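So that you can tell them apart, the chains are marked A, B and C in the order they are listed, and the count of residues begins at 1 in each.
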Amino acid sequence: MSNRSMGKNGPVSLIFHTLFTAFIVAPLIVIILVSFSDKGYISMPFGGASLRWYQAMLDAPELMGAIWLSIWLGLGAALLATAVSVPAAIAIARYRFIGRDAFTALLLSPLMMPHVVLGVAFLRFFSLMGWTGSFLALLLVHALIVVPYSLRLTLGAIIGLERDAELAARSLGASRWISFRRILLPLILPGVAGGFVLAFIQSFDEVTMTVFVATPGTTTLPVALYHRVALLTDPVTTSVSTVMIVGTMVLMFILDRVVGLDKVLIGKK
Amino acid sequence: MTKLSIRGLSKTYAGNVQAVRKVDLEVESGEFLSLLGSSGCGKTTTLQMVAGFVSPSAGSVLVDGEDITYAAPEKRDMGIVFQSYALFPHMSVSQNVGFGLEMRKVKRPELEQRVSEALSMVRLTGLGNRYPSELSGGQRQRVAIARVLAIRPRVLLLDEPMSNLDAKLRGEMHVELRALQRRLGITTILVTHDQVEAMTMSDRIAVMANGVIAELGTPQQIYDHPTSEFAFKFLGHANVVEGEVVSADNGQTAVQVGAAIVPARTETVQIGHKTKLFVRPERLRLCSTEQGSIQGKVVTKLFLGGIWFYEIDSTVGKLRLTVTNAGTAQPQEGQAVGITWNDGDMQYVSSEAAHG
Amino acid sequence: MAEATSQSNRQHWLLSLPAVVMFLGLLVVPLALTAILSFNAFDSTRGPLDEYTLSNYIEVFTDSYYYDLFARTALMSLGVTAICILVGVPETIILSRMRPAWQGAFFVIILGPLLISVVVRTLGWSILLGREGFINTTLLSIGLSDAPLQLMFSMAGVVIVLTHVMLPFMVISVWSTLQKLDPQIAYAARSLGAGPLTAFRRIVLPQLLPGILSGAIIVFTLSASAFATPALIGGRRVKVVTTAVYDEFLSSLNWPLGATVAVLLLIGIVLVVVGSNRIIERKFKQVFA
């Protein structure tokens, strides 16, 4: 929606806007450019471009391992989060019960919690439970922290939906389950799918919590990248980052097609 | 042939909100009955309890003597048409209409046959492959009707089905749906806040207020001779005039209004007591001041096409009346007029709600 | 429409059960364990002990190191919040005046980075901010400064990068409030004789205030919780609460003390959120009911 009532943008506004946009995209552009450098150190590719840092990425088993681990982790966490938040969203949107607001707040609470605190809590929890280094344990807590994202998009889809269609189906002879599978689920599928993709992205990107609990066997891509950048900025970090940027752009395109990017980013509750 | 009985049906929500209070209703086989009332009167909750979407706090719902009070909605064999039509947007018209049959495990050839039968009943033949978004409002409503007719429900429930149609289409659908209901002989309950809709379509109307049935009868009964002041005022316009009891004999009283003596049945039989009488605007007639039982002066005169609308400042208070526009000259604003009526048109009704 | 179908009384429990089990088992229990851990005694040779003590809290509250740590974190977050308001609000208004097609494109550009890993964004900035980074080489070559600025491992650098990370949240928050404004209200003000600036200051800005404030809360709390950016840009020189917790846990291995700092961070953030929501509600409830 365009809200042009407050007048038009003058030249000052446009200069401001240009600087703002430049500020936002600058670090990403720089990474992409540097990743094509042919030098052995961080530099612009204007002297000579090459794909040597992409080759270096493919040749680094720990990076490739981290990429695959992050992908499987993200898929598993998004799947589990979706499986948990779809019924929860139905309960929240379709029933009035005591503790409903508290339940909703609990499910959204990971959004507000500092991930450092979560990292500390899970580190302690895993060491007490003997789960340290377990991929499954990492998957469980990743699912937990991405539940709010899938819940929000699923909830948005259900709340926007009249209940009449489900009631009509029931009245026409459909059981609760059939009315869910044949009527409600197809109608909220875009929201559910959008929630799944967003949950995947959030799990894939998570670094602060994971850096606490990751072990050599469970190092995700952002954690591997974090440790490399913390030690020294060698150009292979830029090629990995470029792959992540491009991958995110592809997922953003999918999200836009499925639910509309404005809904995901601006997040109508 | 299905008879629906509602017995002592009540619904109390959390916080002691009594949406429906002990409603008793017998809907005869093939009857078209309307629940008429303003929003919050309990008519929709009653319908939802019959459909099985809301579980009653007390009372029972019986279909042909079988108790279905707590049966799941899908086990009731009732067809409900929603205000929003509630079409399945991701299914074609045929899939929508066939859904109930599919749930009943009706096999392919018969299913298709019954779907096209239902579509032809609502004159939508040939639109089976469209999707709801490709249909007009009126067509969507027909799909919603076809969808319930296809399952040959025992009872048809209509929840404000016309309120999303424009006035002209609504009038046409009233006639069409009524004819269809008669032809199929299907027991029907209509929930509406639209008096005209209730009157044109129903065999009987139950006027609801505050969770109870305030008036029950044929449209003409409840319009001409309602038993309560509430119903008289709710249905159409009511003129209220005050008169004085001049004679009382065996429940038959005579009330003096202006120069007229009005025979009425009142509760107050004491001679000399004041009492209220009610009369509809179209039952009052204008005449010369000498001929009138009441005299007055025209305050407002409005032309409404088929009728003239008058507001008269009379000796017994403000009166509204309507005169059919027959193309003849009518009294002007400011003119003195007389008002007269037939015996029986001005009547006494109890100020208490009959069932409240 | 509150009621669901008949015999539905227990339905919502079944539906919410998986989530409840998950959140109790994986969130409430670990947080409780952390809270307990913060009361455990610690011995540098033997590690956490099974004794309960307040000594960790006493240490944090008496040692000026921790006082500086929390103050630095709060100041950093306040600075980021202030810049985000000053830059984000005008930008959102500029966005709102654009044609829808441009709006859509710039939304993707401005908000899209939210979905890109914060490590990647921080890496980009560390390339830009280094002594031989592009900002310094540019400044030197055009003669704006004669010595390279120390941006890496400085508070200024951390604030710049955090601002970059947080700006989208401010834009989102202000934008959602802006969408609810009735454009005719500004017209009404203009027709009553207010100039464009007066109409903005007296009519539009007050209506945007709830959005700006809720954006400020989000930016402040996320800045105080940020880890990767202060760790990578600030390094050891600019220590904040989150990086201190990390060091306690993974370098000093004093888990009880780390847990204490983490618990205090959580409490502080909850207080900020709850407190400012109270204020917002009290102040704007009547107007924006």
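Heads up, the rule we're going with is that a residue touches a chain if its C-beta (ideal position, glycine included) is under 8 Å from a C-beta of that chain, and two chains touch if they have at least 3 such contacts.
Computed from a predicted structure; not experimentally measured.
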Per Cα centroids, the chain farthest from chain A:
B
Report the most central chain, judged by the distance from each chain's C-alpha mean to the global C-alpha mean.
A
In angstrom, rounded to a whole number, how far apart do the mean CA points of chain A and chain B lie?
55
Taking each chain's centre as the mean of its CA atoms, how far is chain A from chain C in angstrom?
17
Inter-chain centre distance, chain B versus chain C - centres from mean C-alpha coordinates, in Å:
59
Going by the contact rule already set, what residues in chain C reach two or more other chains?
2, 4-5, 8
Would you mind listing the residues of chain A that make contact with two or more other chains?
167, 170
Send over the residues of chain B in touch with two or more other chains.
52-53, 72-73
Interface with chain C, chain A side, in the complex: residues 1-9, 13-14, 16-17, 20-21, 23-31, 34, 42, 83-85, 87-88, 90-92, 94-97, 100, 103, 106-107, 109-110, 112-118, 120-125, 128, 140-141, 143-144, 147, 163, 167, 170, 176, 201, 204-205, 207-208, 211-212, 221-222, 225-226, 229-230, 233, 237-238, 241, 244-245, 248-249, 251-252, 256, 261-262, 265-267
Please give the residue numbers of chain C that touch chain A in the complex, ascending.
1-2, 4-5, 8, 11-12, 14-16, 18-20, 22-23, 26-27, 29-31, 33-34, 37, 87, 90-91, 93-100, 103-104, 106-128, 130, 134, 164, 167-168, 172, 175-176, 178-179, 181, 183-184, 186-187, 196, 199-200, 204, 221, 224-228, 231-232, 241-242, 245-246, 249-250, 255, 258-259, 262-263, 265-266, 269-270, 273
Considering only the defined contacts, which chain A positions touch chain B in the complex?
162, 164-165, 167-175, 178, 182-183, 186-187
List the residues on chain B that touch chain A in their complex, please.
51-53, 72-74, 76, 78-80, 82-90, 99-100, 103-104, 144, 147-148, 151
